[in-house]
Amino acid sequence: MEKLLKIDRRILFVLVALAVTIPLLFRFKMPVPPTRHVKSMYNKIDSLSEDSHVLISFDYDPSSKEELQPMAHALLHHCFKKNIKVIGMTLYPAGTGLAEKAIKEIGKEYGKKSGKDYVFLGFKAGSSLVIMNMGEDIYTAFQEDFYGKKTVGMQALKGVRSLRDIDYAVNLTASGIYEAWIVYGKEKYNFDLGVGCTAVMGPEMYPFIQSSQLTGFMGGLKGAAEYETLVGHKDRASAGMAPQSVVHVLVVCFILFGNFIYFASGRKK
Amino acid sequence: MHKTLSTFILSILILSYTPTAFAVEGNRLFVPKDFQAFDTPNDSGKSITLRWPSSPSESDDVEYVVYMSTTIKGPFETEALRIRSNTRYEEGSNYSYHLIDIEPDKLFNKKSSDKDVKTTYFFKLVMMSNLTTRTVKKIASATPEGNWFNWSRSNNFIIMIIFSVLILCCINHAKRVPGLFIRKIKGLDAIDDALGRATEMGKPALFVHGLNDMDSISTIAAINILGRIALRVAEYDTPLKVSNIYPIVLTVSQEVVKEAYLEAGRPDAYVEDNVFLAASEQFPYVVALSGIMTREKPAANFFVGYFYAESLILSETGAATGAIQIAATDAFTQLPFFITTCDYTLMGEELYAASAYLSREPLLLGSLRAQDIAKEIIISVIVFGALLATCGIDWISFIFKPG
Amino acid sequence: MNFLKRTVPMIIAFVMGVLMAFQYYVPHEASQNLLKVVTRWGMIISGFAMFIGAYSLFHMHWNRIKHKVSGWGYSIFMFFGAGIAIISGLYNGGELFWNDKQSGTMFDWIFDYVQVPAGATIFSILAFFMASAAYRTFRARNKEATILLISAIIVMLGRVPVGTMISQYIPIAADWIMTVPNLAAKRAILIGVSIGVIATSIKIIFGIEKAYLGGGD
Amino acid sequence: MIKKTDVSITTWILIAFGTVNIAFLATGKLGFNGKGLGIITAVAITLAMYSFLYKDNPVFKIAENIFVGVAMGYSIIIVWFNILKPDVFEALIVPMFKDTGNAPQYLVIVPTLLGLFMFLRFSSKLSWLSRWSFAFIVGMGSGIAIPNFINAILLRQLEPMLAPLYTGSFWGTIDTLLVLIGVVSVLFYFFFSMEHKGVIGGVSVIGIWFLMIAFGASFGYTVMARMSLLIGRIQFLLKDWLGIIQ
């Protein structure tokens, strides 16, 4: 029995790889019913009129790209579809490349132009300081956009002076930066805030949801898949739900089996 | 006939409950009896607040429109506000008042040159349905002014003052009275046991620093705990390996361990190379440590400080070698993995408490005590506040209302 | 000299701390302008601070090469990667670095096809270790760990579509765990941590906590 | 210690990788352009990273060091284009020497100097000047943090706790009560000036239970997160490179 516990872990690695690959190859469909926290984010954006301003802060880098980039895509599809003006920015230097790519590519699909229908402001250092500076005046925080164009007078920013004038802000985060957005942004300048976070951060959102400091949140690839379902644009996240299910079952089996042997063999050290 | 009658009865029933319908029906609007404008309190001087009592004619089809001018005689042409009449009520007024803030500067596009000139604005309230329009006679006026204290934040201010005083007092107190009480942290005994076992087995103990530099509280706490472990190790004569990722932490750790050996009276047993820089980045750090764990099979592993995703690989490798493992971290996202792979885990603030307990530094003890008192206050506020609120008494929630 | 080295930083921290704390309670435009100017300064300083990390990294790898520490050869690849990224960034697709940033250059290519796959892959390695740890080490070794694992299993199953297929109660149970016990514990942790943040901030302002200044004289 | 088997495995993998890519390039499945070659590079790096699963090896180490270097180089360039160029170079330095229509923003001199002082941290004589910059940033951050944290976390998180326990339904009321008990008992657990005995001991044990359930939730979510990353990478290999799935 105990020998089973000491198998080469590379065998386990292969099992995991198979559990992910096979469901991807034989794409069996999984229903992804949207949960209420994702739905409330969707409804919020859906209720906005044309030419409203949605700020998306892409606060992540390539290491959490696989979870957060699908969310960014789904959100952008939704905003551009509804002709909402998108203001993009990032507080991570390595977030610039990912954010720019997402906005530009999806903007192109809907024929949107930089500076007119959306603006990508780029990166600034100092996290909470950037948020507060934008809360006072967006044009001092970002005097130029990512491409070096002056932000003052830009059509995409018409009617926006500070964060107070933003209709909805979404923070896509891989770290504790969401807390800075709540403490120094939402609570100070009084705008509606939603969060899209890696699944690791997911459980931390619940106290803020209940105190209505957040309008909603998307957690991990699952959250992205739900948003894709709501927007009606199924993509990578939805396709990822089948392997996600299978691999979860595998991990649960591993835990149960490992513990079974552990107890059966008398909890030896 | 039947239909008309039932409609008639139904309309009487509805009408008696909704005065609005009645008012519109009669082609008449009952305008509000009063209309006030005043400088918005607690603001930067940009906005003016308008307030007026509700009218019985309010409904979905009726609108309130406010026109604005810079002279009392008008012309009142600039539209400052247009709302559905049954919206935007004053909070807590039970729908009997409307309260709305507007920013006149935005509407008039004031030039920056006359920013310092204070302007008085005049407002006219009009009620409109698609049939008729009526104006409130009274013209309200106000001058926006900046305020120097936000009174709605006074509770926040008081909390800040109380907390500051509390911390300063507690630290002072801890300086004067040395033995401030701290409960025993269970995991600390486990450290001694683990070291004892390492001695028995004649194998080394491994102390792994977290991934934060010397400026983080977790690392400072880790250093304090390291001091204690080093002292025991020096007494027991067990080799102790300490891995670091930052040069500054390395230097401090070396000093601490050296001092512990001195204190134990065995400065000769101190080997400087046992406190080492394992790597400079996350994954190489993991790789280096996994190597040490599998090669040297330490009998006890201590993971102390702030950890990120590497926590899982580290503690898993350690568990596979059969070592006793003790973790102490304030990284809450990593705690689940330490709890399931280590024999004992110090969670969150227990790490700071353990460091205060071991170092007996008045600064740490005092601030720990102050934070305890703050928690005590919060616990009582929650318990009493919830109970009183359940009984319908809400002054506690009023006191702690966010500003 | 001691005044400049020790006292001045303490005075700066105290003045800035008190000023900014009180700023919160003053709604006047002057106070808003103060916040605006000071945060902008902070942003620029933070920009410079990014180079400190770069300096330590380069310095460390340089020392490795210089002293021929075991595995020093790999450090050359670090410089190689950094060099290519910096040179292509400065070249900026022919526009050179004092002009506006061009897109679609070599610099962007390196990001898309080197940094993104490497960064994304390195953390996905953890998925494998997670599974192997699940098999080999996640043990219900005591009461606490047992509760933890049970709750983890419910959440793991309840948060993916397959949970509903096993039993319709699993997603409900998972949701309850998230919105009741999880919420309560996370809120208490949040309150505790915030008290800690406030306490540390007060200690910094009053010059009791000086660790951030670094050791030495 | 290079084993023979490892060498042959590496050789075979390299041959297979090379053949597949040459075939893709030849058939036009991957274009012989920036994108096609980019995907091949990305796949090579992905596989090099995964080689760590077999064991720690030079290929992994090289890929990792290149990654660390590229990431740092990328950050440096982005900081230049996004911060130093617009906020210092073009706001202060260029207008001082050239007429750009904008007056130089002389106020920027202060943060620029403080920023430059930070580098003196590495000098032995002038490192004290870097403390001024740290004192400025940390002091300001602390001052701003205090009232904002009191408002946004303490007061705002207390607000829902100070509501009536009775919410209209039986189970709803039980849940509110449980949240109350949970918050209080966990706070009690992190309470250090009293021994955990008697009532306090009992309450803190309840606190541990709440903590453990919450950690279990985090555990489950973290498993989910890591698996999602893997799914993303495999999707990349199967879709963008091999083109097996749509």
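Brief remarks follow.
Every chain is named by a letter (A, B, C and D) in the order it is written, and numbering of its residues begins at 1.
Just so it is clear, a residue touches a chain if its C-beta (ideal position, glycine included) is under 8 Å from a C-beta of that chain, and two chains touch if they have at least 3 such contacts.
The model shown is predicted, which means the values in this text are computed figures rather than measured ones.
Shared contacts of chain A and chain B, meaning chains that touch the two of them, come down to C, D.
Ranked by the number of C-beta pairs in contact, the top chain pair here is C-D. Averaged Cα coordinates give chain B a centre that lies 17 Å from the centre of chain C. Taking the mean of the C-alpha atoms as each chain's centre, chain C and chain D sit 5 Å apart. Centroid to centroid, with C-alpha atoms defining each point, chain A and chain D lie 13 Å apart. Shared contact sites, meaning residues of chain C that touch two or more other chains, fall at 21, 24-25, 32, 40, 42-43, 45-47, 49-50, 57, 101, 111-112, 115-120, 122-124, 126-128, 130, 132, 134, 136-139, 141, 144-145, 148-149, 152-153, 156, 159-160, 178-179, 182-183, 186-187, 189-192, 195, 198, 200, 202, 212, 214. Shared interface positions of chain A, defined as residues touching 2 or more other chains, are 13, 16-17, 64-66, 93-94, 97, 124-125, 129, 132, 146, 148, 187, 200, 203, 207, 210, 222, 244, 247-248, 251. Residues of chain B found to touch two or more other chains are 153, 156-157, 160, 163, 283, 332-333, 336-337, 339-340, 348-349, 375, 378, 402. On the chain A side of its complex with chain C, the touching residues are 5, 9, 12-13, 15-17, 30-32, 35, 61-66, 93-94, 97-98, 100-101, 104, 124-126, 129-130, 132-133, 136-137, 140-141, 146-148, 203-204, 206-207, 210, 222, 241, 244-252, 254-259, 262-263, 267. The residues of chain B lying in touch with chain C in their complex are 42-46, 146-150, 153-154, 156-157, 160, 163-164, 167-168, 171, 214-215, 217, 220, 247-248, 252, 280, 283, 309, 312-313, 315-316, 319-320, 332, 336-337, 339-341, 343, 348-349, 352, 363, 367, 370-371, 374-375, 378. Residues 10, 13, 16-17, 20-21, 24-25, 27, 64-67, 93-94, 96-97, 122-125, 128-129, 132, 143-144, 146, 148, 182-184, 186-188, 198-200, 202-203, 207, 210-211, 213, 219-222, 236, 239-240, 243-244, 247-248, 251 of chain A are the ones touching chain D in the complex. Those residues of chain D that touch chain A in the complex are listed here as 53-54, 71, 74-75, 78-79, 81-83, 85-87, 90-91, 141, 144-145, 148-149, 151-153, 156-157, 159-160, 214, 217-218, 221-225, 227-235, 238, 244-245.
Looking at the complex, you find that chain D touches chain B at residues 52, 56, 61, 64, 68, 146-147, 150-152, 154-156, 158-159, 161-166, 180, 183-184, 187-188, 190-196, 211-212, 215-216, 218-219, 222.
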